[in-house]
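The structure that follows is given in the form of structure tokens.
For reference, chains read A, B and C in written order, and residue numbers begin at 1 within each chain.
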Amino acid sequence: MNPLIEYPRKAGTPVSFRPFSPAVKVGDLIFVSGQASVDLQGNIVTDTFEGEFRRSMENLKKVVEDSGSDMKHVVQTRNYIRDPENVVRFNELYKEYFSAPYPSRTTITQCLKGLHYEVECIAVVKR
Amino acid sequence: MNPLIEYPRKAGTPVSFRPFSPAVKVGDLIFVSGQASVDLQGNIVTDTFEGEFRRSMENLKKVVEDSGSDMKHVVQTRNYIRDPENVVRFNELYKEYFSAPYPSRTTITQCLKGLHYEVECIAVVKR
Amino acid sequence: MNPLIEYPRKAGTPVSFRPFSPAVKVGDLIFVSGQASVDLQGNIVTDTFEGEFRRSMENLKKVVEDSGSDMKHVVQTRNYIRDPENVVRFNELYKEYFSAPYPSRTTITQCLKGLHYEVECIAVVKR
């Protein structure tokens, strides 16, 4: 294997029974899998938009931190919102998890079923 | 902060009142936020598909250039098209903004509401 | 051009008449375009979900290998599935192409028309 590749994970990192790693590190970059409202074994927890958003972000935060980074070192997020009417609320809630200078970001809608929200990111290791 | 991370921006760079940076630079890579048909403050400008496409691409070009790169150094684009019937026209218009050797690319549809088009990219700094 | 950028391609690499490169390499990272069920010239081959999935993955594998990498060095995949009812089958089939430790991954649905499946990835060069 290319020695740059690592698979960071700690006891308690949100994992999934599905075939993906929570994060893969390549040098200073950390590619984090799409995080949703799931428990620590990957079982879906349906909730309100806000409830699912918060659970997704807490999972993202945990994966990012367990990979040697933190939310201030997230450089890009991609956000998937099922119902377009939740975009305004999304922008409000988002500011509870990130602060300026913000990551770059993309947001698209109507591409989820059975879940309100999913978020993936690229982070950079702390130095 | 990891000293690799920078938040490039100039006077006139398209920004948004929403919580994201136009671009974040990590070493030689520039992660550019999804660009759409918005004015320089981030207000949506609805238009025909072609009109929205051009405004999105002009915004992308400005963010890329204000980050120390140019359209020839864009290595990947992700394209979000609301109406699948515009994909053929999209491929024609796209060639006005990029030339061979082209960036890698992904195009998906039906994941926007209220906008015809959105585009994000990864670029590399000029050297 | 930034000397880090390369456009890997061999005789037989799946290309497209559309304006994108199969992959662009930046240092150790390889950004691979969205691969679908197409023939070696980019013409769409409609099939069952499984048939389209396998053709997409074979195309991805060929592009990845022709870029100086292999499926074990894929660090992130993004998966686009038209019909949500195929997600379970997708997870089964996926394990025929990737093995633990798996790439990071995102999966979204309902954002394709006329195709069952599309997959893009980031890979790292072999060393």
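Just so we're on the same page, a residue touches a chain if its C-beta (ideal position, glycine included) is under 8 Å from a C-beta of that chain, and two chains touch if they have at least 3 such contacts.
Please read these numbers as outputs of a predicted model, since none were measured by experiment.
Homomeric contact chain B/chain C is classed as different-residue, with under half of its interface positions used by both copies. Its C-alpha atoms superposed on chain C, chain A is turned by 120 degrees; the angle is given in steps of 5. Here the CA centre of chain B is 22 Å from the CA centre of chain C.
Along chain C, residues 108, 110-111 each make contact with two or more other chains.
Note for the complex: chain C touches chain A at residues 28-29, 72-73, 75-76, 84, 91, 94-95, 98, 100-111, 122, 124-127. Looking at the complex, you find that chain A touches chain C at residues 1-5, 7, 18-24, 26-27, 31-34, 78, 80, 108, 110-114, 118, 120.
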